[in-house]
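I have a structure I would like to understand better, so I am pasting it below and will then ask my questions one at a time.
Chain IDs A, B, C and D follow the sequence of writing; residue 1 opens each chain.
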Amino acid sequence: MNRLFAARRPLGLAALAIVAWVLPYRLNVYWISVADTALLFALLAVGLGLVMGIAGQVNLAQVAFFGVGAYGVGILTTAHGFGFWLAALLAMVAAVCAGLVVGLPALRVQSHYLGIVTLGLAVAFLDWVTNAPVTGGDSGLSGIPTPPLFGVGLSSQYLYYYLELIVLAAGLAFGYFVVRTSLGRRLRAMRDDALAAGAAGAEIRVLRMIAFVLASVYGGAAGVLYAGLIHYIAPETFSIADMFLLLAMVIIGGRQSLWGCVVGAIGLTVAQQELINLAAYAQLGYGMLVVAVVVFAPTGLAGVPSRVRRWRLRRRSGISAAALGSFSGVPSSGRTGAVLEVSGLVMRFRGVIALDRVSLRAEPGEILGIVGPNGSGKTTLFNVISGLYRPSGGRVDLDGRVISGSRPWRISHHGVARTFQHLRLFGNLTVLDNVRMAMDRTRSWWSWRYVFWPVGVWRHERELSRQAGAVLDAFGLAAFAGALPHSLPYGIQRRVEIARAMASAPRLLLLDEPAAGLNGDEQRQLAEIVRAIRASGVTVVLIEHNMGLVMSLCDRVVVLDSGAVIASGVPASVAAQPAVLEAYLGTTTLPSEAS
Amino acid sequence: MSTLVVENLAVRYGGVSAVRSVSFTVPPGESVGLIGANGAGKTSTLRALMGLVPRAAGTARFGDRDLGKVPARHMVRLGIGYVPEGRHVFAGLPVEKNLLLGAYASKWDSSCRARLSEVYDLFPVLGQMRGRLAGALSGGQQQMLAIGRALMARPVLLLLDEPSMGLSPKLVEVICSALQRLRAEGLSLLLVEQNAMLTFEVTGECLVLENGSVAMTGTSAALRDDPRVRKIYLGL
Amino acid sequence: MQSFFQTLVSGLSFGAVYSLIALGFSLVYRTMGLVNFAHGAVLMTGAYLASTFYLSARLPFAVAVPAAVLATGVVGLLIERVLRPLESKDVDLMLIGTIGAGTVLEAVAILIWTSSGRGVPSPVRAAPLDVGGVRIPVYNLVVIAVAAVTMVLLTLFLQRTKRGAAMQAVAMDPEAATAVGIHVGRSNAVAFAIGAGLAALAGSLASPMLFVSPTMGDSLGIQGFAAAILGGFGSIPGAIVGGLGIGVIGSFAAQWFQGYSDLVTFVVFTVLVMVRPTGVFGEKTVNRA
Amino acid sequence: MIRRSGAAAALSAAAIAILAAACSAPGSSSGGSGGSGSGGSTGAASGPIKIAVVDAQSGSSSDLGQFEWRGVKLAVDQVNKAGGIDGRKIQLTLFDDQGDPTVGTELARKIASEGFTAMLGTAESSVTLAMAPILQAEHIPNITSGQSTKLLKLGSPYLFLNGPTGLTYDSTLAKYLVQTKGYKKFALLTNNDSYGAGEDSAFTSSLKSLGITPVAAEVVPADQTNMTPQLNTIRSRNPQVLFIGAEEAQSGLTVKQARSLGMTAVIAEGAPAGTPLFLSTAGVANADGTIVSSPYLGNGVDAASKAFAAAYTAAYGTAPELHGAKAYDGAEVMISALKACHACTGLALASAVRAVHRTGLLGTFAYDSQGVGIFSTSIGIIKNGTIEPVSS
């Protein structure tokens, strides 16, 4: 089914290319201008899709990027006599700068806060162009020249269509190149779960800025083309109403799919032209459509086929027939285990002491168990070690190097990987992508290759895929490579999370209640996996409530109660200590076996 | 007075089986404990009873009412009080407002006032702090507040989820004696606890859960002396 | 100096309106965790209803406004019903859903009242007060007074009544609220209706000072939202402080920066949010793994 | 394997498409582009004469658009009833530009592709500015209601104004206020859209030529409804005259807010102050004494305006105002030109418009090379909600 679809894809693309290429022959002067506008909106929408749908950053300033591109060209060509393409280049630079400025707040705030701030910045931009003399104020700039191309002036709407088509095709291709490879995978992982992405080595702050820069490049390019097409720009075109219209295009089309954004943009542009004398009804229509899409089909039109497919699958059979393979050993990473040294760690939350001078040590090739009643601070300890919290006191060293206080991605690059008590898989990434994302050890600035050395990206990608395949094989997950995590049984999801953690070739692995929810058989497999991980030299620290598992698996156990270490040692001796019994059972008067 | 009858209750989260086929009965005026290590399925059982998580299988009846058909917010009208795990007091509201909200289903009249003074009598410290924001109380005080809030609706059956969690031994004793007093007044209790010794003090009969199933049942007195309980807890 | 105070007075009167708007935002956010981007459009609906009752049905202003508040509350119930499936879901979808709802309200207003807008004569005909050369329009005092009374009433409602306590309880802990017998869905609906009513009150109070048009909610909504965030989202004193703050910043920005006032206001706002994302009275939240 | 052949198919298809494109340029073969190349011939002698009216029917300036449409339609209905032009009826089509220049450019292409002879509108200079180059390229004469002097700078032989430029309004007003009334302290409050910015520069330069510098010149955003902060600054300078350069509603609000601050300065303004929307927004009492510069002071000034007002009221059940009258005059000019050249098109029609010499409601039209046909306005004063000509 899937392979067939893949084979059909080039055919579909070819058909689409032909339609797009011969379309102008069927259009009159008016409709070609509509087509030109539609293509511009499509380019804008792809940019918005990348930042909102792929990277999950609310951006209500996309029209401002559009405006910066258009005004950049307008001002430079009319007031300073620059040639069109030089002006276009500088305008793109300006748009990227705007992207960086609008993206800045994303480092501090998210979701609705980011929405209002970006909207506010869009209003501020609009205010500036309406007032500044250099932008011609409300009456705008006219007389923007036609862009020449190889000595041909593109004054014809028809020729311009092809220019736009080529730019859009290139933009889409680049967009898909980004989305399907390393950078896009990180962006999507960040969207699904920023916390887990950080713990898996993604530099969240840099990625957010990259997302806004991507959006601004597409917005700026659309603006440049717009200026060359219309030869006239005025603030009205970049209004908030147009921003919401653009948003509607992306939402209705499907924000997580670049094709969806294109379809939404073209569809809504054409619909708007058809209803040009019924503007209020058009607005009513797309407003209701947005509400309906958000409530009933959050992934938009682009998400409908996969929803239908999933629905039909579910009706036909329960879960996919693919079976979990057997675990066949941890692929060697060539890295040795690390010594974890926690000394005097204190963590306070608004007066509540969650960790009270915790000290412990884990050696390479050892499985250290952390146990204790609910609320004793076990997960908080993991959160401090993996960098989610900055400790109030004390320190964490890895092989003698202080890691406490570093950001999660940096700690991940030092060789610490973790799983979470409540699974934190990237829900909209396939199992393979979950693994590839964690496996990718490049830094974010590595992304310059996307612009200057795409071949390098491809090679890196091939290498990642090869290694990730090996990890999936080793963990017996090969059959689920293309599945989304939530479609899998819980036990398999747990294993995927461990595979993901191991994909980053860690030297220290933190497992937070890995056996929770597993049945007896699965627990036995888990024990086998954890032992194999230890055998590969990795230091393992695990939090577990299942005492049977702890007793049989761990080399040493540390008991936490009320944030403090109350006992530590080999499992059997720890279980015999009165303080442990009290922590677990509530009192020391419990009769011992001997009595 | 009604009897709580639970038969073959099962709970699943997604693909995970948290509770498999648990059955028990709480007769009027009786007190039953559900104990076991973390993750044994105690809290899930209680939440399923309250209708806060969906039941995968099984039935629960209270008197002649099928609890499966009663929305969670109507439990209080049937006389079932619920003290959630982690206390869940309304942190931004004063102590007294928390208690009054416990009597949300009835009028805030003189009988409600009378009930309020009964709660203050049971937990004098709450009376002293009636104007304080609940979020500013210590853990033990919050636990008293959560119990007091549930008592405000004059329940006939009280479901308690880990009332001793995170409390110092001294405060556990306070809670323990309060529960004993409530039991003496004729209230039925269903107590979910990790703290086995507290449970044995307060209840007449206990179930020990392990991995979502009932591992042992018996009178609290008998279980107290049974070494197998300790094994289940510590996995030895 | 006189000009300074005059600008301050004008900033405070509009600030009172922003406070009411921010209050609606905050109440809805506080009780249901929903960020209502349609708030501005709801405000516009309320303003149109009030002006219709006042101008077309010739009701006295003091009757028209409460009538509009009630009617808009019903509109709020409708919106809440439509968007209810989103309430516990992802915040971004909610944001977009309410933007969609706002678009719909605006379109409906255009279809009913056309897009041209209308001026509403001031219901108070008295001459402005003169305090040391500072002119204070009597109607502005009425607005400030009504806003203040509303805030006191709202605070009393939340603190003294059973329904108010229940609404706060739902906000703090929906599950525990359910356990004591509170109908969470109904409480949310009531909260949303009150939020809509507050928007309508703000809109109808502002309409004699401003101009009623289908787009009036856009800028008022954004300013009110900014006010809510500035004060600390979900906080009632925060809404008041934030509203007055945005009103005063806006007034001085308009006086000093003329046409560039929006630019200045939003740049200042952005910087403030970045420096202190939780606003003046907001609480810091902790990430949990 | 399948994948391979798919890619091959794609390549060959693309090659065919490129070949097809190379053989003939799109757009040239299809008969869509009606206007191109028809530079001045006499139009086809049958069927109705198609005239496009482009005006905002939605958005904040839709009121203006409504007024304009009524004025145009009245004129065209009258000529159609009288038998049309050489026996051919005029067929009007209304397009909504939404006040957005981009929409305007698309409409310009639509008008060209659908073979319209001429265009009337728009009410907004910025939209007309965007459309004019396309209309010029497609040889479609356009009589606009815009009054910005930027329109003249385009130098399009196809663009005509149906009223005076902003400069005419303001210089007449300034002369009256300074020379007749003897005022010396002026304050300006203008908004930042193209109308307001134009008024700002026109009135300032008019004052300058009379040797006067304003004591205050404040700018408000066009969508701002609270003008108090700017009015505060103005009030502190104590001017005798407050000149307002903003659209109807905003002007009305400004007057209302100025009066509520206790300002007593004389209000002076261009055309917007003469409209019902201004009066209803400001309130009748507040608007009293406002001095208006307008080529059309009211419906009862002379016989022509009385007849127009009667016909307009009969058709629409409401009395006309300036915009309706302007649009009516513009339509009349176009009709005269069409009559004179026997429904010609393109450059010939443009020349015919330029040659029109007729007296309308606003005055006597005699177009100069820049496309302006009216060069004077009258001064009126608002009393009890109606404009009266000043008795000077």
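We adopt the following convention: contacts are C-beta pairs under 8 Å (C-beta built on N, C-alpha and C of every residue); 3 or more make two chains touch, one makes a residue touch a chain.
These figures come from a predicted structure and were not determined experimentally.
**Q** Tell me which of B-C and A-D has more C-beta pairs in contact.
**A** Between A-D and B-C, contacts are more numerous in A-D.
**Q** Just the number, please: Cα centre separation of chain B and chain D in whole Å.
**A** The computed centroid separation for chain B versus chain D comes out at 76 Å.
**Q** Based only on mean CA positions, could you tell me how far chain B sits from chain C in angstrom?
**A** That pair's centroid distance is 42 Å.
**Q** Just the number, please: Cα centre separation of chain A and chain D in whole Å.
**A** Distance between chain centres: 50 Å.
**Q** How many angstrom lie between the centres of chain C and chain D, each centre taken as the mean Cα position?
**A** Comparing mean C-alpha positions, chain D is 37 Å from chain C.
**Q** Would you please write down the residue numbers of chain A that are in contact with two or more other chains?
**A** Counting only residues that touch two or more other chains, chain A contributes 127, 130-131, 280.
**Q** For chain D, which residues are shared contacts with two or more other chains?
**A** Where chain D meets two or more other chains at a single residue, that happens at 58-59, 192, 219, 221.
**Q** Provide the full list of chain pairs in touch.
**A** Pairs satisfying the touch definition: A-B, A-C, A-D, B-C, C-D.
**Q** In their shared complex, at which residues does chain C touch chain D?
**A** Against chain D, the touching part of chain C is residues 2-3, 6-7, 10-11, 14, 110, 114-119, 121-122, 127-128, 130, 135, 137, 139, 209-211, 213, 215-216, 219, 251-252, 254-255, 258-259, 261-262.
**Q** Using the touch rule from the top, collect the residues of chain B that touch chain A in their complex.
**A** Touching chain A: residues 13-18, 37-39, 162, 164-166, 169, 172, 193-198, 211, 224-225, 227, 229-230, 233-236 of chain B.
**Q** Within the complex, which stretch of chain D touches chain C?
**A** 58-60, 62-63, 66, 191-192, 218-221, 223-226, 228-230, 232-233, 235-236, 249-250, 252-253, 256-257, 260-262, 277, 280-283
**Q** For the complex, which residues does chain C have touching chain A?
**A** 35, 37, 82-83, 85-86, 89-93, 95-97, 99-104, 106-108, 110-111, 115, 218-219, 222, 225-226, 229, 258-263, 266-267, 269-270, 273-274, 277, 286-287, 289
**Q** Which positions of chain C touch chain B when the two form their complex?
**A** Touching chain B: residues 162, 165-166, 168-169, 172-173, 175-184 of chain C.
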